[in-house]
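Each remark here refers to the structure printed beneath this line.
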C-alpha cells in the first residue's frame, strides 16, 4: 500500500510540474497582462509608465526564462508576490484563503453526500412511485439551477428578506471570532453549494442502486431472512456506493471551481474569490500559486478516492 | 398499453428493447415533452411575427400579457420568442457538447478500465491534469483565443466535462474486468476494440445515460457561466444561459421574475424529460429488467 | 439435456433412511395444488400449476425437469422470493416450523416470512460466483442469519459461523472467515452458501441446482456434504436439478416436472427403475449407458433424444401437454388435462394411458 | 454514522442561532458604523496605498487627508490640510499655508517636511506612483518654514489642483527609512499605516474589510463614531442584500437596484450626476470613420432621448458634447435629434457602401451589466436600420486595455468602443482621451482622435488659471466636439447611493472616483446603536 501511495504522490508532483508549465504558457495567450489591468481608462498613465512597470516586474524577459525563474523560486518555497497593488506574498494570500474554501467545500460536500445518498436510496427503493417522481423533479431542479442564480436567490430571500442568515462574509467584520458566528455565516453558502451536488449524487446513487438490486446476492440476503430495510442499507447500498465514491471524489476536487460563484456572491474569502480577482488582474504569480494549490487538492482528492475505493471494494487490489 | 400492441412483435433485442421503452409510461412522458418542445421551437418562429431580437423601447419589462405571452425583457423584446430561439441555441450547444464529452470520456475511461495497468496509469494521469486545470483559466484562455460564439462555447464546455465521466467508466470497468465473460472473451483473442464495443459499452450504458442527462443541464449552466466572463453566446442573441444570467441584478430577480424564471423552468422541464428518456432507455436496454 | 455422468449402478444402491427424532409421518413441507402466475405486458401467464408434494423430515425430494419446466419457480415460490410480478395465485405451502407449528407460507405477510427465511427454511442457489456479497467477509455473511434469528452476540455468532465453515469442510475456518469471496473457488463458495443456509439449523433446505455450475469432482463432494449434513441435522430437502444422476445420488423421492406440471412422482427407486410416464421414460432413455458408447458408435445411431419442443407458456396445448411429443399419444390425450393417478408401483402419474404402454 | 449526526446538528444549530440572532448591543457600547465605501465604479477594494490610487478616494479620506479637496457640492477646490492657498497670476507658483494643529495618528506634528516628502515620492517612478505624469509640470518644491510650501511649475497647468486633491499626505518620519522601490510591497500599509484623517487604521482583512477607530485628538474634533468598518463586496447584489439586512448603513447602488429601496422608508436614496460622459468612440485607426458625415449619421441614427426615457427611466441627460454642466455648454449646439432618414442621406453622400457597407463593426466595451447590455442592444437595432451593423464584444478590464493598447494597434479588433470618461469636476480630464498629443504611447487617447480644432481648444483650456477663463475655453472645446464629433457623445447618467435613515451628516454623493470631497467625517452620526 505504501509503495502505491509513494508512486501516486511522485506522479502527483510530476503532474503539478506539468500543470504549472501548461498554465504558465496558457496564461500568456490570454489577452492583457498585469500592467494592463492596472490602467483605469480614467487615469492618464503614459505608455512609458507601463513599459517601465513591466520591466520592474520582469515581464519583458523571454517566457522560458521567466518560467525557470518562477520555478526556482517556487521550489525554494517562495511563490513570489502578488502583482496586485499591495504586493502581498502569494503564500500568505493562499494560506489565508485555503482554510475558508476547504471549510465551505467540505461542509457543502458532506451535506451533499449525506442528502444525496439518502435521496438516491429513496428514489431507487420507491422506483417510479410518487416519491421517486417528486425527487426526480427536485433533483432536476437542483441539477439545472446555476450556482450563481441559486446563490442570488438564496442571498436575497434568506438574508435580504427573511434575515435568517447574514448577508455574506465569514464573520461579522470587526467582531471577535466566534464559532457560532462562523456557523451562522457558513450555513447558507454551504447549503447552496450542497444543493447542486446533492442532485448529482442522488441521480448516480439511484441508478447504481437499481443496478445492484438486480444482483443475486440481494436475493440470497432476503433468503437469509434479512429484513427488507437491512437488505437495502447493509447489502445493496454498500455495493452501490462504489461508483458513487468515485463521483464524490471527483466532485470534491472540482468543487473549488463551482465555489467561485458562491464565494463571489457571499463574499466568502476562499480560493474561488481569490482566483477570480487574480484572473481579472492577470496576477500571474497568484494565479500560478492558486493553480498549484487547487491542483494539489484535486490530485489528493483523486488519490483519496482511489484508496477509499480499494478500501471499500476488497476485489480491487490497490496499485 | 395499446401502443405496444401496434408495434410488430419484433424478436430482435433492439426490437424488444424498443417495445419495453414504449411500454414505460415515464419514458413516453419524457419523449412527449421533448417532441412538443422541439416542435414549438421550430414551428412557432416561422408562424409568429415577433422576432426574438426586435426591440420595442415603449414596452420594456412588461409582465406576461396577450400581446407578449411571457412578457418582455429590459429592451422590450418578446421573452417567449427569445425563449424559443434561445432554446434552439442552448439545446444545440448542450446536446453537441454532451455527446462530444461522452465520446471522449467513455473512450478514455474504457481504455483505462480495460487497457491494462500502463494504459490505466497513463489515461488517469491525463484525467488528473484535465481535472486540475482550473476551469476559470481554461475558459478565459480558450474563449479569448477563439472569441465568443457557439462553436468555441461547445469546444470549451466539452473540454471541461469529460474527465468525471472517464473516472466513472473506469471504476465500473475495473470491476467488470474481473468477471468471467470478459476474461473468457479475452481468452478468445478479443482485442481492446471489440472488448469495448461488446462488453464495455452495454455494461456502462446506465452510467452513460445518466451522464448525458446531467451533462445537458450542466452544459447550459456552463454556457450561462461563460456569459459571466463575457464569453459564451454573445448578446443580443438569445440563449437560456444569458437569459438566466440577467437575473444577477437584484431588481430583475425580484421585480421582473418572468425574464429569468421561464428559461429556468424550461431548463428544468427539458432536464426532467431527458432524465425520463434516459431512465427509459437504460431500462429498455437492460436485459435483466425483463420482469420489470 | 445434460447427460448423466453418475455410474448407472448408483441407482441400485439402497440408502438407509436417516433415523430422525421428529415424529415420522407428518411431513416437514406439504404443498397442495400450488399455482404461480406472472404478470406481463400481454396479460398474466401461468408458470406452474397444480403442484402437490410432501417432504418428510430427513428426506430429500428431487424436483427434476428440463430448463423452463418451472422447477426453479416452484422452489422460489415456496420461499416467497418470486422475481418481478410473480404471484402465488392458488394453493397452500404448509411448513412445520422448528416449533412444530404448521404455517401456510402462501398466506404469510412479509415480516412473518422474514422470521421464517434463514431460520426454519434455508435456500442454496445455483450460481456461487454471484450469489454472495463481494464486499462482506464470509464470516459476516454466515453470522448474519445467526444474529438475526438466534439473537447471539456478534462474537458468539462469529464462533458459530466458524463452526459451520468447519462442518461444511472448509480448512482453517477461523482464518477463512475473515477473507472475502473472491479468495474462494467455486466449490468453496457453494460450501459457504450451504453453511449460510444451514446456519440456523432449518427444518427445510431448498437447493436450487446447487451443483450445476460445479465440475464433476466438486459436484460429488457437495452431494456427499449435503447427505452428511442431512444425516446430522435431519432437515428435509427439496433438491431441484435437471441431472438424473444427481437425483439417483441424493434423493429419496422424485417428482418429474414438464411444462409447469408434475407429470410423475414417487420413490426414486420406483420412478427410475419402472418409469410410467412417457416423458420420464424418454428422459431416462436419453441417459447414455457407460460402456455403451462403442456399441452406439458401431451402429451409427445417434444418442436418443425426445423429439419436438417444450410448448410456450403463452399457448399451452389442451389436454396432456406432452401429447405433441409423446410416441404413445392418442387423440383422447388431447381432450382434457389428465389428473395424477396412482400406479401399481405407488407412483402418481399424470397420464391416462400409463398402463397401456 | 456518528459523524453524520454531529455535522447535521452543528448546521441546524448554526441556522437556528441565526434565526434567533438579535443584535444584543448594550446602549453604552461603542457606536459602530459599517459601510460599503468601495462599492461601485468609484471604489477600489483592497487598495491601502494612496500612491497607487486611480479611484477609491472616499475610502482613503477616512484615514488620510490631501492638501486641498473639493467642497461639499464637489464644484470648487478648497483647503484641507492647507488652510489656504494662492496661485500667482502667471500660474507658475502655488503657495500653501498649512494648518498648525494637524497631527499624525501617532501624535507627531504634520509639517511642510511631510508635504515635500510626499510630493517627491509621488513624482518618483520607483515608488510605483500613478501620479508621475500628472505632476511632471512641478519643477521645484520649497519649504521656507514648517507652515508654508511653495511649488514652482515649468508651465501653467489648470489640472494641477485637481490632481493634488487626489494625493494623500504621507508621514515622512515613518516612510523616509523605507527605500522607494520596496515601498509598494512593504508590510507598513497593512500593519500600522499612519494618516492625519478623522479615523485611525486598526486592521485589514483581504477581500473582506478594513476596520478603523476614532482618532481622539483629530484637529476638527473627536469623531462621534467610535468604530468604522469599510466592507468590500465582490458583486453589487451582495451589497444590496447587506443594505436590506441592515448590516451596512451606506453603499453605492446600481441604477437597476434603486427601485428596491425607493419604497422602503428605512432607507434614503441619494441621486447625483455621475460626471462621466458615455460615448461611442470612433477608432480612427480603422479609417472607416474619417468622413465627418458618417460620424454625424451615427448621431442622427441614435434615438438618445427614447433610450434615456425608457432604459434609464429619464435619469440621464443627453450629451451633445463632452460636457453637460450649463456653464460649459454653449447655446448654439447642434442637437442631433433622432432622424434616421437624414442619417441614411448622409451615409449615401459619404458613400458608406464603399467605405464599409454591411460588414459587421465590432464595438468593444468593459460594461457588462443588464443595463449596458440592453442599451447596446437598443443602439444595435437603431444603427442597423440605417445600414450600420455593430457587433458587441464584452471584455474584462485587463482584456479591454490589452486590445486598445496593443502594439501595433490592430483596427480589426475594434472599430468602435462603448465607454465613459470623467468630465468633471475638472473639465480638463477629457484632454487625455481627445487631445492629438495624447495618442499612445504618450497618453491614453487610444481611439487616435487627431482633430486640430479639438486639440487646440484643449491646449488653450490647460493654460487657463482663472475659473472664468477655464469655463470659456472649455465651452470652445464643447462646440469643437459638437461640430467635429471625435466621439458620438451619448449621455451622462445619474448615479445612486443608499443610506440608512439612521445615518446623519454623511453628505454621501456618487462623485467620480469617490471624490475626494469634503464630507466632515468627524460629524458622522448613527442613531440607535
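Every chain is named by a letter (A, B, C and D) in the order it is written, and numbering of its residues begins at 1.
Here is the rule we use: contacts are C-beta pairs under 8 Å (C-beta built on N, C-alpha and C of every residue); 3 or more make two chains touch, one makes a residue touch a chain.
Because the structure is predicted, anything quoted here is derived from the model rather than measured.
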Whose Cα centre is nearest the centre of all Cα atoms in view? A
Considering A-B alongside B-C, which chain pair is linked by more C-beta pairs in contact? A-B
At the largest C-alpha centroid distance from chain A we find chain C
Rounded Å distance, chain B centre to chain C centre (Cα mean): 50
Whole-Å separation of chain centres (CA-atom averages), chain A against chain B: 22
Chain C to chain D: how many Å between their CA centres? 90
What is the distance in Å between the mean C-alpha positions of chain A and chain D? 36
For chain A, which residues are shared contacts with two or more other chains? 30-31, 152, 156, 160, 276, 313, 315
If you look at chain C, which of its residues touch at least two other chains? 83, 182
Please output the residue numbers of chain B that touch at least 2 other chains, ranges allowed. 144, 178, 248, 250, 253-254
Chain pairs that touch, as defined at the top of this document: A-B, A-C, A-D, B-C, B-D
Seen from chain C, its contact residues with chain A in the complex are 79, 81, 83, 110-111, 114-119, 122-123, 125, 127, 130-136, 144-145, 148-149, 180, 182, 193, 196-197
Report the residues of chain A in contact with chain C in the complex, numbered from low to high. 215-217, 219-228, 235, 238-239, 312-315
Residues of chain C that touch chain B when the two form their complex: 38, 41, 83-86, 129, 182
Residues of chain D touching chain B in the complex: 235-237, 240-241, 254, 256-260, 303, 306-307, 310-311, 368-371, 373-374, 376-378, 380-381, 391-396, 399
How about chain B: which of its residues touch chain D in the complex? 53-55, 57-58, 60, 73-77, 144, 147-148, 229-230, 234-236, 246, 248-255
